[in-house]
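The following pair of complexes shares a single chain, chain A, combined with chain B in the former and chain C in the latter.
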Partner chain A sequence: MTNRLNRVKSVARKVGGIRRLILILMAVSLGTTALLDFFVVEKIFGPLVYLYIALSTIVGLYVIYPLYAGRRLTKYYWVRVKRNRLAVWGLGFILFLILLALIGPFFTADPTAVSFEEKNIPPLGFTIEESVYEPETEQFIAKTITATGEHPLGTDNKGRDLLAMIVSGAGVSLQVGLLATGIALTIGTLIGVMSAYLGGKMDNILMRLTDVMMAFPFFLLLVFIVFIFGPNLAFIVLVIGLTGWTGAARLIRSQTLSLRTREFVMASKALGASDSRIILAHLVPNVISLIIVMATLSIPGVILAEAALSFIGLGDPNVTSWGMVLRAGQQSLDTTWWVAVVPGVMLFLTVLAFNFVGDGLRDAFDPRSAL
Partner chain B sequence: MKKSWLRGYIAKRLLFAVIVAWGILTVTFILVRVGPTSPADHYLANVAAQGQDPSQVVAAIEARYGLDRPLHQQYLSYVGNLARGNLGWSFSNSMPVIALIKTHWIYSFQLILLSTIFAGVIGILIGIFSAVRQYTKTDYAATFLSFIGISIPNFWLGVMLILLFSVKFGLFKTYYDTSLSLLSLANFRQLILPVITLGTGMLAGYVRYTRSAMLDNLRKDFVRTARAKGLPERTVIGKHVLRNAMLPLITIIMFDLGSIVFGGAYLTEIVFGIPGLGRVSFNAIFAADYAVVVAVTLISAFLILIINLVTDITYTYLDPRIRYD
Partner chain C sequence: MEKPILRIRNLKTYFFTRRGTVRAVDGVDFDLLKGECLCLVGESGCGKTVTALSILGLIDSPPGRVVDGEIYYDNVNLLKCSPEQMRRLRGKEIAMVFQDAQSALNPVFTIGDQIAEQVKLHLGVGGGEARQRAVDLLGEVGIPSPEKEVDYYPHQLSGGMKQRAMIAMSLSCDPQVLIADEPTTAVDVTIKAQILDVFQRLRETRQMSLLFITHELGVVSEIGDRMVVMYAGRLAEAAAVTELLGDPKHPYTAGLIKCVPDITKTRDRLESIPGTVPSLIDPPRGCLFHPRCDQAMAICSQEKPPLTMVGKGHTVFCHLYNGIKGNGEQ
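Let's turn to the complex of A and B:
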């Protein structure tokens, strides 16, 4: 047993640490599955699953593990975050949303099931008057529709259950927010840290590239690309992730610049550590607090961008997202107003929650701010 | 010495802007060409009803728009056309794209202008007030409300305003009336809801920027000196703090215009049916009218480029400190 462990350790040492070994193993296995997926069997995983596996490995190795390794510091930060009541509420709402997205689908109806007998049912506590055409008497008669416990949030004008649509939308928004932000921050961190550490020509090239990317109007570019390549959730996630890293890159670069000349970096260099080791083992862990804050604060923007895309009709037609429900609600505003109200409220609360948490984290990580 | 330095800086910035503009052009061209569908497929959908042979029609269209030529030739003629101000033909509107944009840009412009004035004036005032009274109830209320303001999805806010003020109370019409003259009172009245929709997020952002810019300067030594000299608080805040806070503030407002406001105006126009460039592009998406979508994207990108360029140069000119960086 110890023998085998030692062998793993020696292999790890050869490729530059246990984290690097795990990363390489993940890349190889994902690559093999992707190749199998593409050439041999069709669809072992959907494209989103690959993103999940890759990102959770990276987050686990470079965010969760350092937080665990520095338990005392993490606990200290947590005490500081807890003093900000809004941040705690925000965190509570995000947890509720995650539970809703994970467990909700087992308890709600199919969000796409159309039933014209059950259309226009208002949410609990409301009744509406509707004029219905009566074929026998050939007249319009007023009919009262009352809420039913079967559809607590009511139904839309096609009889789809609003609660089911909201639950489905929560999953879509969280997926898009977390995955796209994960991609954007991975790229942003690498570019920012590399730019600051390597300096000189490399810094110049990377920062000019960032400037060029920043010059594009983000939302219009998104609309343009999705219009040309067609709406697909995984694709939308990729596009947002690949275009949204610029702000993070700049901030992380400026943070790293002050780290570059610190003694521990010098010492590591003097001991013969490679550039990639210094970047991954010394610089990245030291900007992790900034990365977490940036991530929390950029998730709302991403969620809103996806919702806006769905709202204008460029969302993935195979999933039910909040933006899409809102769009349907806007089109029947004079009859089923709740279909427009509920997804918007959820969207608003989600964005607010992430903003509160991000702000709380920023204050907690900032040693200068008195809490 | 100072002049020649500035000239060099402007030349450098201009060169960079030209490179970015070229980058934008090229990326758009590549995206359209790499895309899974040929623009001709979409024209086809429109002529299919006329009973012609599809393959012949596609070939004819491709020949007419030069899509059958080698890529580098297409690229050169694309850039050449743009340089001459020829943005192509919009088949869904049956007019040149440039004429379409000339008739519609003003609606976007008035919306963005009025929203910026609305958000700028109110946002900066609240921000100043909030900073001067830091850590009081007013300050907490302003900070909390600005959080809510930046978190409200603006397209949803628009739908809610329509639901409340147009559908429930009937105070405003639910559609935008283009027959009204732009400077008439009725036109301003129908722009109230759209301006609130677009302006709320901007306003909340400006409150936060103003507050932090004011707080940065309130702690400076020259402010203490000014107070020690016995200057009235009004003069200290108005002259010594606000003027110094204004410079970074205006830069942020200008950059916001590009990154946030253009996207927001796009959605606001769609919600309220205002026939600006956003609405034009939205309609073109559903008609699969490539030329229009490309043109609106390019024009917005170029506008943002110019706005950022002007902001950068003005900032450098006005603030001597950053010249020596």
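Let's turn to the complex of A and C:
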């Protein structure tokens, strides 16, 4: 057993550390399953699953593990975050949302199940009057629809359960927010740090590339991609992620520029560290607090972008997202107002929660802020 | 003891800036013998650090470049090595201790992690072993309870402790040559003595060669075997420490020694050498020191002073000694 462990260790050393070994193994295994998936067997996993695995590995190796390894520092930051009441509430709401998205689907009905007998039921505690056409008397008569325990948040005009749709939407929003932000920040961090560290010509090339990307109207690109490839959530996530890294790259570059001239970079070079090692093992950990703050602050933007896309009817029709429910509800805002209001409030609270957490983290990580 | 481990010949490192070429190091020769401590002395901006960085191949390029010369480490010309070869050499064969340990340690890792990283990188041992080695090294440089302090972050240590940690880190792979760039400048006097003790002890136990860069003559007399005095990117004088401090030949060296304040005398003014270091972009002709030299002659502003042997192992670059003891090129 120890023998085998030693062999793993020696392989890891050859490729430059356990972390890189895990990354390489992950890339290889994901690559081969993806190839099998697309060419041999027909679609076992959706492309989102690959993104999930890849990103959670990267986040685990470069965010969770360092936080665990530096427990004392993590505890110190947690004490500072805790002093910001709003951030704690925000964090609580995000955790609630994650639980909702993970466990909710087991307890709620199918969000796409249509039932016209149960349409337009108001949420618990409300009743509405509706004029219903009676075929026998050929007249419209007023009918009171009362809330039922079966549909605590009511139903829409096709009788779909609103609670189920909200639960499904929570999952979609979180997936889009986390995955797209993860992709964007991974790219942004690498480009920012490399640009600042390598300097000179490389810096120029990477930063001009960033400028070009920034000048690109990304929402149009999104609409364009949806038009060409069809409304697929994975494409939407990829496009948001692949275009959204510019701000992060610039900010991280500016932070790294001041780090690069610090003597510890020269010192680790003088002791034989390679460029990739300095970038990954010395510079990235020094900007990790900035990355975490930026991630929390950019997630709401991404969630809103997806909601906006669904709202104008370019979302993935196979998944029920908040933007889509919002769109369904806005046509009958005067009668079945809850169909639009509930997802609207959820979006509002989610965006607010991420912003509060982001602000709290920024203050906690900033040594100059008097907390 | 007699065999040179590092031979530097006619080293020229220039920086090509927008305002002109800065001749930071302009033709420097010296040998570092096995097991000796050679002190590189001179005032700020005279090219000491650039010399050290040139040896390690760490000159930022652009704007800097080693334009000429040879640096032999055990018969390998370092200037002809590939970047990858140089990277393997750094830390393992030649290591460097920096002036400001505060900024030379990465603030987000514990000192143990940083030392262990070096060990894992160069010696290829596992995590537990590397950590044990970090503890041993911290003990070797005189950190009182290394098992505890190995888990400290740099900001939890005092200045002297950080400098020791930095030294431990540079020793992690048993280098043959240790370059110390003003390691005592950022610490106070009592700590300075302790740090010098650490270096002294390491030299005895490890038989390694030390290239000690400093501007403090007190430190030189404490630790050095031989010393090389640099001025404005060129050599002024080189000799054994006792000989050079007792009988300086070059007017610059003599001036430097006179500048050291004597604590037993109370004087209202400190000695200084009049004038400032010349611009390295547009240096004066002839001897670079002649505008500040009180013994300057007509020839000093015309010709570069040649190397003159004035004693056993005592060389000086000054026109005052032209042809005095033969051996000059004049």
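Throughout what follows, the second predicted complex is superposed on the first by the 371 of 371 C-alpha atoms of A that agree within 3 Å, B and C clash if a C-alpha of one lies under 4 Å from a C-alpha of the other, contacts with A are read in each partner's own complex, and residues count from 1 in each chain.
We take it that a contact is a pair of C-beta atoms (placed from the backbone, for glycine too) under 8 Å apart; a residue touches a chain by one contact, two chains touch by 3 or more.
Since we're looking at a predicted model, the values are computed, not measured.
When both complexes are superposed on chain A, chain B and chain C sit side by side without a clash. By the touch criterion stated above, A:A248 is placed in contact with neither chain B nor chain C. Ranking chain B and chain C by residues of chain A touched puts B first. In the superposition on chain A, A:I299 makes contact with neither chain B nor chain C.
Residue contacts after overlaying the shared chain place A:P217 against chain B, while chain C stays out of touching range. Once the two complexes are overlaid on the shared chain, A:F264 sits against chain C while remaining clear of chain B.
Once chain A of one complex is fitted onto chain A of the other, the partner contacts of A:A273 are limited to chain C, with no touch recorded for chain B.
In the superposition on chain A, A:A87 makes contact with neither chain B nor chain C. Using the contact criterion defined above for the overlaid structures, shared-chain residue A:I183 touches neither chain B nor chain C, since it reaches no partner. Applying the stated contact rule after C-alpha superposition, one finds that A:L238 touches neither chain B nor chain C.
Fitting both structures onto chain A leaves chain B and chain C with a minimum C-alpha separation of 14 Å.
Taken in their complex, chain B has these residues touching chain A: 16, 19-20, 23-24, 28, 31-32, 35-37, 147-148, 150-153, 155-156, 159-160, 162-163, 167, 258-259, 262-263, 266-267, 270-271, 281-282, 285-286, 293-294, 296-297, 300-301, 304-305, 308.
Taken together, the chain A residues at the contact with chain B in this complex read 86, 208, 211-212, 215-221, 223-225, 227-230, 300, 304, 307-308, 311-314, 326, 329-330, 333-334, 337, 340-341, 343-344, 347-348, 351-352, 355-356, 359. On the chain C side of its complex with chain A, the touching residues are 56, 58, 62, 87-92, 95-96, 98-100, 103-109, 117-118, 120-122, 124, 126-127, 153, 166, 169-170, 172-173. Those residues of chain A that touch chain C in the shared complex are 6, 9-10, 13, 17, 70, 73, 200, 262-264, 266-274, 277, 281-282, 285-286, 288.
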